[in-house]
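Here come two complexes built around chain A, the first alongside chain B, the second alongside chain C.
On to the complex of A and B.
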């Protein structure tokens, strides 16, 4: 009897301690209210959406609105003060940073070449890729594939994925004008999946069995290879605010850096970066 | 012979038009119909909680439906009085330079592309932020305001047409009975022209509901939940379609775009057909 009581007492004690001992990261939003407006890079959207979902589910007084538009739009809107957080998939350009923007890198993302799953090509070199995008190599046979024309796909100018691809893989060599332009990672994937002669590029996080990522200089583009630095075409994803973030915006950014945030980042296919 | 050929040509044009229309509608129905269901509208949130606003909705287009209805109601309530009043004034005012100028302005306003109206709203906010209202931001109210400017010419033109279609004898008769011009308007002419005016209002509602260019620059976003107030950003069906069909990250999001397209099509069909039913009655 006595032991039972003690046990019950212990249980009651531990139960009362539970909420504080297991306080969730999202609890910092308790008692807060207001709106956080976010715009910018499309690669960030899955992370932002999951964070927003978790915050808005636990606290109905906080609203998070998310718009895309690309890195360029994100930087411009946050500089004008139209949104609280502007996302970019590349570091700020000097012209953008001069508006007093502060950058918060929160994830690492690799950018990989993708081709149709039926394409037998297993690997390419950086030289081959830049020749393909410059229009010098125009048939898959020239890089060890079938006798088929190469159809080029690229992203629009506002894309952060495009800017890291051109900078780190093509080393700023030009992309031929006849390349087809698609507006997002999702659209890129669909285009490649439907066209057996296609070549394009997307975030490593988006690669699934509808497309194939050939090795680049004998390195397989995986999250591990990106994290270790073995795979070179990587970028950081940034949140940017005008001046030091305050209030809800500050809490949101801290939340992205929390364990919850790291989980969302991993689930979206990226590698979390700890706050510097 | 020539007349017969011309008739055949007209018939063929109609047939081509109908074919194109059924292709477009058929495509949306075939792609959109399989997505219809509770999860398209409410995601994984229980329906009752979602409708009562007790729980936020994710991966569903219900917030976009409510957003569209709010922004359209906002636009029509801002536009209805100035639109109809302009129509009445244009019908009965004596010819003057001011009237000519006003007529010209209505025509110009009717011809302004909606993207320009969106840019106007965007510029207005940037201007306000830099001058008298530093906290002004793109919002439901701004979208409603820009949409209102887009539909005011529709309202005034349909009102004017409806009033002009009334037989002259009506106002002569009313004058003979000793009615002042205001009494004629109030008790005879406006009630007689009601059908035409109301169907004009319905057409403007449809026009406002389907416009994307204005709202994408003035406050519509990809993800916001139910509208939180007139100073907040919101989701809307046309923008959801535009956004998810171009920026989709997964097949589910693309399906949502088709579901949203079908829902918007149904919504505007209902409005337009009730407008034409009203006009016929």
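On to the complex of A and C.
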């Protein structure tokens, strides 16, 4: 009986300690108030959302707003001072950096080919992918699939995912103009999930069971393969601020680099990068 | 006196704003126009290879407008004609209500329904391409422009039929005879205005082509090809780096759109004027009525699709 009570007491103690122990990272926002506006790359959104949720749950005085728009929008809006943090899925271009932007890489993300889950193709080579996107291969049969036309999907001109894909997977070989263009990672996934003949590409963080990521040159595009460098089509995800971040924005960026942030990054399907 | 003065000032302000809009777009498009190395007026859009041609987008816009018009015009004539027939009066009330209701539906609702119903249907039925196509976007544009066209036609035909019905009846005309031999032939200018307005509305819409046409920057060779309209192009490219060649092509695209719209508006005006000179006073009053109706329709459209307009301007 006594031991039971002691155990119960211990349990109660540990339970009361637990939440505070876990919430330590988010505690920096205690007593703070204000708004943090974030816009840009759509690959970043899952991470930003989780961080925002956790902050706003622990402190109702802080509001975090998150908008998409793509890397181009992120860089442009933060340079104009419209948002506090502009997200890009690529390093800043010289024209963007000259506005005094500071970049904070926080995660590594792979860009993977995605196809419909009903597509029997298990793997492709880089050569096959660039032939498909150049319009040389037009039927799934030519790469070991069923007899079905290939429907190409690509991203819009402002997309960071697109620039990584073209640079690191296609090696700058052209994309045929008949490819459909979709404006976000989410729209890409929806389009591929509904079309059995489709091929597209998206951030590894967006891949779930509604789409299938075939192997590229016999490497499965997983987080581990991206981190080890075995999977070649990777990029960093950046947060950008105009000048050195101050106040709440600084705290938010530090929070993304904290243990909590690393957890959110992993849960979103990316690999955390420590602050340099 | 005061009111007149106020009117003058207001119209001057509006005129200056419109001129400023033209000036602004032309000023920003100017480097694209005068640069001999600029590839803007070519067919190839390959930003990674340094080619930024927007002519295929212009062709796509016109094609989308035309296909939508070819489908919508007979339907609009049919609906309007049906509403004029005496024996279907109790249905025509409901049809007019439905058409007015349709005019208020946001295009994004059509777009999202089409993405989940029409696009897979086209893909599976015709087995060509992904379903995101000229055809899908045109079909939804038909729904978009139909209310405008029906309302313009109806505003012209309804009073005409009402005024002529007794005379026609006394001469032994049945109501279909009145419709086919008097009302519709007399409604030619209204049919033309309805067609032009429908076309310009189809060209100006952004969301439906962006969501449904597939946005591939190419010349379409069939209805099942994916195409990119000028408006959708602006929507897609506006997010690129400020000052880049992609970004500059926006202004040329905006300027082209504005020119098309101006041309159509002037044509509608011209139609109205020529009709006024040729016909008697009564027709003139009908036309005036129709024109006010057109303006009303336009204002209601402008307020509901101001997001579209913001992108095109």
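Just so we're on the same page, the second predicted complex is superposed on the first by the 253 of 276 C-alpha atoms of A that agree within 3 Å, B and C clash if a C-alpha of one lies under 4 Å from a C-alpha of the other, contacts with A are read in each partner's own complex, and residues count from 1 in each chain.
Keep in mind that, in the parts below, contacts are C-beta pairs under 8 Å (C-beta built on N, C-alpha and C of every residue); 3 or more make two chains touch, one makes a residue touch a chain.
The structure displayed is predicted, hence computed values, not measured ones.
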item: Simultaneous placement of chain C and chain B on chain A, clash or fit; value: clash
item: Partner chain(s) touched by A:165 [first = chain B, second = chain C, both, neither]; value: neither
item: Partner chain in contact with A:183 - chain B first, chain C second, else both or neither; value: both
item: First (chain B), second (chain C), both or neither touched by A:206; value: first
item: First, second, both or neither for A:149, with chain B first and chain C second; value: second
item: Partner chain in contact with A:81 - chain B first, chain C second, else both or neither; value: first
item: Which of chain B and chain C A:65 touches, first, second, both or neither; value: first
item: Contacts of A:57 with chain B and chain C, given as first, second, both or neither; value: first
item: Chain B versus chain C as contact partner of A:174, first or second or both or neither; value: second
item: Partner chain(s) touched by A:42 [first = chain B, second = chain C, both, neither]; value: first
item: Clash with chain B (superposed arrangement) - responsible stretch of chain C out of 4-12, 130-138 or 274-282; value: 4-12
item: Set intersection of chain A contacts, chain C complex versus chain B complex; value: 183, 190
item: Chain C to chain A touching residues, read off their complex; value: 44-49, 56, 115-116, 119-120, 123, 127-132, 210, 214-218, 225-226, 228, 235-244, 246
item: List of chain A residues in touch with chain C within their complex; value: 69-70, 72-73, 75-76, 93, 95-96, 149, 151, 153, 156-158, 166, 172, 174-175, 177-183, 190-191, 194-195, 197-198
item: In the complex, chain A residues that touch chain B; value: 35, 37, 39, 42, 45-46, 49, 52-53, 56-57, 60, 63-68, 80-82, 183-187, 190, 206
item: In the complex, chain B residues that touch chain A; value: 55-56, 58, 125-126, 129, 137-138, 221-225, 228, 232-233, 243, 246-250, 253-254
